[in-house]
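Going by the order they are written in, the chains are A, B and C; count residues from 1 in each one.
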Amino acid sequence: MTDQDDVVIEVAGATKTFVQRRRGERRLRRERVDVAAVRDVSFTVRAGEIVGYLGPNGAGKSTTIKMLIGVLTPTSGRLRVAGIDPARQRIALARRIGVVFGQRSTLWYDLPLRDSFALARHLYRIPDDRFQANLRRFVEMLDLGPFLDTPVRQLSLGQRMRGDLTAAFLHDPAIVYLDEPTIGLDVVSKAAVRAFLAETNRENGTTIMLTTHDTADIEQLCRRVLVIDHGRLGFDGELAVLRERLGGDRTLVVDLAEPLPALSVATPGARVIRVDGPRQWLAFPATASAAPLVAEIAARYPLVDLSIREPPIEEVVTRLYTSGAPTPRPAPD
Amino acid sequence: MAPVDEAGPVGVLRAQLGAYLLLVRIAFRQAAQYRASLALMTATEVAATMLDLAAIGIVFAHLPALDGFSLAEVAFLYGTSALAFALAEALVGPVDRLGWHIRDGRFDVVLIRPVSVLVQAATLSFAPQRIGRVVQPAVIVVVSCAALDVDWTAGRTLLVPAMVLCGTVIAGSAFVAAASVLFVAPDATVAVAALAQGSALAARYPMTIYGRRLGLLLTVAAPIGFVSWLPALYVLDRPDPFGLPFATRFASPLVALLAAAVATLAWRAGVRRYRSTGN
Amino acid sequence: MAVEATRARPSEVWAEARAWAAVAAATAKVNVAYRATVAASTLSNVIMTVLRGYLAIAVWEARPGLAGYDLDDAITFVVLGQALVTTFAVFGGMIDVPWRVESGAIVVDLARPFGFLRWWLARELGRAAVFFASRAVPAGVVGVALFGAQPPASRAAGAAFAVSLALALLVGFAIRYLVAMTVFWTTDVRGVLAASSLALTFFSGAVLPLTIFPGVFGSVARALPFAAVLQVPMDVYLRPAGGAGIGQLLAFQAGWAAALFTVSWLVTRVALRRLVTQGG
């Protein structure tokens, strides 16, 4: 298979501008203002990828997802999902994709969870055997058994989200979009969601695209991240590369044979940031190799043990968001 | 602000009244935000009144009398009961918003505010345009009084405003009691609204049209008859077709008090239930 | 796959029918989920039917022949008509579109592989089925037991009445759907809702038989689509002497149903296009 065949999501120069009407000062006439929510965004996603889509609130994440499911048409540019123009063939596309909105359930509030799945079976025309097999598998993976017959309104947020995940995956969709699937969940539920996504991606080859503010989601699931800010795609690549590009410091932790005053090292950019008995912490640029620094310390001091820590992803993301252009936030999200 | 210990029952009442008026003012201002909608709703209220009047007019144009009651007498019954229900509805409001609030869990906000829950619930659905609904029955009362062929003694004259007042309290209590059901069944909004409408409808006509058994039931148990039927029998100087004691004609204030008490208890039970189950 | 080959693929029509049935069934379940609500609603339907039955007797005893109905016809009209009022949602509303647009939940509706208009119609069928069984039937039974009512003139008339009820449901739905869809163009739908509720209540014949209105006002009232919701089904049932034939009455309903559904379909297209270009 060539790369070309593998592409399931293709976005080329997608731009979405909204017309906002503002009431002019002391005038009845309303002014029309064009606000760009997404500007000239291009990327492709290959089958089987898990892509993290990052950006601050109002950056254009939801607008992009809505364009990909056909709920919004781009003002200009081209989108193809599974070879389909989403806005033009929204319903045909809907059968082949799954969507999870973290803040908005697709489940029937007053009915037992089971009933929402039964409805999905007929709406998505899932063959009987597939439906039964998938349901059995997801119930086991997400431990839905105890509350399958409980009305959704009585479920906790975590239970509800597990139900929403099941509903989105029951029809074996080729692509699933998740808009903040872990928002508001406790640690256990977050872990369950992540494990489920990782497994369906591995076992079924489902392509997954998720937006999130939880950096642990990205760290544990996504090799590739897209970063959008002020409607523009700022980064598209591996998480490791993003980390590197944005710099920040890595930390070398050394354990010495005896407590010493702060080491003085000659390696450029390296400096001691903390001393605690025989243990010392040295910061050095993320872009630099650790080898010269380690070699220098090992040569000059009684080194017993060492470890290297990557800059936490939170820091990377914060840096990314705050380094954006200082123009006012566009677009209703 | 007055210190708390000075308040006493009168002070509490005054504070709640103040809160009520404040919330009503806010409702007015909120309604003014959507001018087109407010205009349309006001127009609808006017149209509803006109159509209602047309419907009554058409029926009575064909009817010389209803169950032995003359047109003026029926109009008097109709006007006094409709006025009482309209006043109650303007003050306490229909209950639909309350049901939605309970269902969506937004009712919690109501509970944490330092204002009586009932005052807030009454103003939740306060609709300015509903005040207009009072006009039509008021006009009917005045016109029918002028048309009635009775000896307007001081007692009769005084009884007319008194019966409207008591009727308003009874109707308002019925609304509140019905609304209490929403704490148990928040989805019953439509049914509760229909029951309120049903009692308003039932009160409009001579109780005799419902036959002796149902008529008595409605009069005494519901107790719709005390809204206007029983005091009206005194004003119209008619014997009671059901043979109830003469004193029942003046029992409306007592029934109003009783109804208010029952409604208060039902409401408190509802709020207590909501607090304990959380829903 | 081997499995694919051996399994007979259900036809497109069958799959579509199953989807409709599933949506209707889920909605029906929601409508019976709150027992207390159903009980309260049934009770109020019964009470209203009884009250209006007595009122009809009082009026028509004093004035037989009013609106072209004798006492028996009038009782039948009022009892059956009142029993059906909630099934056809004569008081308006019952379609959730405005709330879903305002809250943004509409996105979920658009992400489904099922058309928007048909989604709401399928839901209406589920709701109406529950309302018919739990409100109309008990109220009708009590009404008939208390007051007696005319049976349908013939088996054919009974069948025609059933068809007429189905058409009434379609017309009533389309009217309320169009009202609900105004949310795409207005910031506050309450005004439109109130106005439509009034029009439906009054001009459907739920307050008074439309035959009571004289002159031009009466002619106009009987020609409006609202008449197709209650007045016309009752006309089909009672078939008053000198009235229009059953075929004509059904054609009147079918015509309005077709017209309103065409408009609904167009409005849906325009509204959704507006939504996908301008956002929620």
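Here is the rule we use: a residue touches a chain if its C-beta (ideal position, glycine included) is under 8 Å from a C-beta of that chain, and two chains touch if they have at least 3 such contacts.
Here is each chain with its UniProt name: A = ATP-binding cassette domain-containing protein; C = ABC-2 family transporter protein.
Predicted, not measured: the structure shown is a model, and the values here were computed from it.
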item: Chain whose average C-alpha position is farthest from chain B's own; value: A
item: Identity of the most central chain, Cα criterion; value: C
item: Length of the line joining the C-alpha centres of chain B and chain C, rounded to whole Å; value: 29
item: Geometric centre distance via CA averages, chain C-chain A, whole Å; value: 46
item: Centre distance in Å when chain A and chain B are each reduced to the mean of their C-alpha atoms; value: 56
item: Two or more partner chains touched - positions in chain C; value: 34
item: Complex contact set, residues of chain C against chain A; value: 3, 7, 15, 18-19, 21-23, 26, 29-30, 33-34, 104-105, 107-108, 110-115, 275-279
item: Chain C contact footprint on chain B (complex, rising order); value: 34, 36-41, 43-45, 47-48, 51, 55, 58-59, 62-67, 181, 184-188, 190-192, 194-195, 197-198, 201-202, 205-206, 209-211, 214
item: Chain C-facing residues of chain A, complex; value: 18-19, 37, 63, 66, 69-73, 87, 90-92, 94-95, 99, 101, 104-106, 108, 110-111, 115-116, 118-119, 121-125, 127, 129, 151, 332
item: Interfacial residue positions of chain C with respect to chain B in the complex; value: 34, 36-37, 40-41, 43-45, 47-48, 50-52, 54-55, 57-59, 62-63, 66, 86, 91, 186-192, 194-195, 198, 202, 207-208, 212-214
